[in-house]
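Common to both upcoming complexes is subunit A, partnered first by subunit B, then by subunit C.
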Partner chain A sequence: MTQIQASPSAVDEFISLGPLVQFPIGQVKALELDGRVIGIVRTVNGIHALGNRCPHQGGPICRGIVTGTMAPSDPDEYVYEKDGEVVRCPWHGYEFELATGRSVGGAVRGRVPVYTAEVRGDEVFFSWRRGATTS
Partner chain B sequence: MRVRADQIDCTGSGMCELSVPEVFALDDAGLVIVRGDGTLAGADVNDQGTLVPVGMRAGVREAAAACPGGCISCHDEDGE
Partner chain C sequence: MIVDCDRHVAVGDYAELFTHMPQSWQKHFERDEFVGSVRDAASHIKLTDRFGDAVRVGSEACAEVDLALAVPHQGLTINGWADQVAAKTFITALNSWSIQNWEAYSAGRSAILVSPYDPEWSARVITEAVSRSDRYSAVALPLSSTLLGANSFDRIYRAATEADLPVVVHFSGVEGHYLGAPPLSGGVHTTAFARATLMPHLAESSITSLCFGGTFEKFPGLRVLFSGFGFAWLPSLLWRLDREWRTFRHDVPWVKQPPSEYVLDSVWLSTWPVGEAAAEWPSLFTSERLRSRVVFGSHDPFDGDTVDAIRDTLGESADAVLGHGSPVLARSLGAVK
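Presenting the complex of A and B:
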């Protein structure tokens, strides 16, 4: 796992995580930053930063896979949606939206910690600032 | 014993608030706070956290152990 030496000194401070090309689309890239593990996920729509804790039982969400999810549908009908916008916990398979950390379908109370990640030019920037999405 | 909670790691599961609502709550963003604002009777806060009344310490330890975010830390003071 890559360790980032520079650490944001304040919640709202941004630091560079490196060139965008180092973050392949559709995978969780785990980094150690300031003694914590975070996961950076690049999608076709943007980039997201996750904490490494599933709100169910604290599973290592950064070892999960990026996927889509099955939408509610009629019997014998299968609807797959949100491809590449969901992460699945490796422990019990609960799924969470990358953009908000919320549980898909409200299956789990709470949310995966989601921090602020931005692409500026060809570089990825990160801060510990949390989104205020009450679950 | 003193307790602290780190919002950076908080998953907002609310396990702590369910366990010891006298000590923990969720703020408007759905993240943990320790009631050091006077809501916790006799709250004594310093840089190592909020002093937990004796009768609530076992509950606070359980809440820390159950927290999926691992964001609650307990600090025993001398003589405890």
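Presenting the complex of A and C:
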């Protein structure tokens, strides 16, 4: 895991996490910032930053896979959607929306912490500001 | 109001059914190979000396209740019959007999026996029965080795829902023993009492199938009563259903809310044998919504629980439980004294 010594000192302060090309699409890239693990996920639509704690039992969400999910459907039908916009916890498989941290389908209370990540030029920037995402 | 959702009604001799079937079928059945084999099959599931006693009128048995649903339990054994054509004739005769049997008593209601092996025929039986008599208050669906959440049962559920009748599931006693009836896990037990001990797992299996199969999404008005399977196991089942759904919701996206919600809206369990809850009732059934799933079912005349036994075991909840069957048998309530 990449360790980045310089962490934003204020909630709204942004620091660079490195060039965009270092963040492959569709994977959680775990980084350690000042002793705290975050996950950066680049999708075809944007970039997201997650805390490393599943609200179910504290599983390491940054070791999860990026996937889509099945939309609520009629019996015996599958409707796959949100491909690349969902992260699945490696412990119990709970799914969360990358953009909001919300549990897919309301399966579990609580959210995965979501922070702010932005792409400026060819570089990824991060802030501890909660709940915001950009595309 | 006291509503007993689990009475039993039985012919003393199978020959009593002959007048309730066409003459050609009478001649087919009128021999010891049939009468004897059915009688012997009943002996295989005999748990008490009282099993098989005729319960013809029921007015004495039902003296203390306002409404009693009787299951003609001998018909449930068709889940282990090899000849399912004959089985349909048999339960048709039982349906006719049982309604006549209970006519003398205003609180008595009967369940319509149907066949799990012919859902289309069963749907017609339900529709025709309710058009003939308002004394039918439920649909009795014997368990087969096809789980209840299978699409093949949709016709039965649709007909039951349209008739505003609950589906009653009660073991026949040949489960885990006869081919065609659902097996019990682990293997074939040699005794009826061993199989009876394990019957609750059939109800757990069926509820799980109904929830994850999406049956309650397809039929929001469906009411299902599991009768005779006990009930103390329900809280742990609901917890496990919800836990697995949270993890694997994407595998059953048609299950649009925690499975326990469907059960708490649409499934009931009868009290027999109430003794199993003697210690756990206050600590496990902690909410009114959970307690409301448990309805009085005496299981009379087979070592049944009396109203007093319910009161002794369930304490201050007992009076509510004795009346919890009202929404299950809602169609019949208007005609009750």
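The criterion applied here is as follows: the second predicted complex is superposed on the first by the 131 of 135 C-alpha atoms of A that agree within 3 Å, B and C clash if a C-alpha of one lies under 4 Å from a C-alpha of the other, contacts with A are read in each partner's own complex, and residues count from 1 in each chain.
Everything below uses one rule, namely that a contact is a pair of C-beta atoms (placed from the backbone, for glycine too) under 8 Å apart; a residue touches a chain by one contact, two chains touch by 3 or more.
Being a predicted model, the structure only gives us computed values, none of them experimental.
Student: With both complexes overlaid on chain A, does A:Arg111 touch subunit B (first), subunit C (second), both or neither?
Tutor: A:Arg111 sits against subunit B, while subunit C stays out of touch.
Student: Figure out whether A:Thr69 sits in contact with subunit B (first) or subunit C (second), or with both, or with neither.
Tutor: So A:Thr69 only meets subunit C here.
Student: Determine, under the contact definition given at the top, whether A:Phe125 touches first (subunit B), second (subunit C), both, or neither.
Tutor: Neither partner.
Student: Would you check which partner chain A:Val79 touches, where first means subunit B only, second means subunit C only, and both and neither mean what they say?
Tutor: Second partner only.
Student: Just subunit B (first), just subunit C (second), both, or neither: which does A:His56 touch?
Tutor: Once the two structures are laid over each other on A, A:His56 reaches both partners.
Student: First (subunit B), second (subunit C), both or neither: which does A:Phe23 touch?
Tutor: Neither partner.
Student: Which partner does A:Arg36 reach: the first (subunit B), the second (subunit C), both, or neither?
Tutor: Only subunit B; A:Arg36 stays clear of subunit C.
Student: Do subunit B and subunit C touch any of the same residues on subunit A, and if so, which?
Tutor: 56, 108
Student: Where on subunit C does subunit A make contact in their complex?
Tutor: 151, 213-215, 217-218, 245-251, 253-254, 256-257
Student: Using the touch definition from the top, list the residues of subunit A that touch subunit B in their complex.
Tutor: Residue positions touching the partner: 11, 36, 51, 53-58, 108-113, 128, 130, 132-135.
Student: Touching subunit C in the complex: which residues of subunit A?
Tutor: For subunit A paired with subunit C, touching residues are 56, 69-79, 92-95, 104-108.
Student: Give every residue of subunit B touching subunit A within the complex, in rising order.
Tutor: Touching subunit A from subunit B are residues 7-14, 28-31, 67-70.
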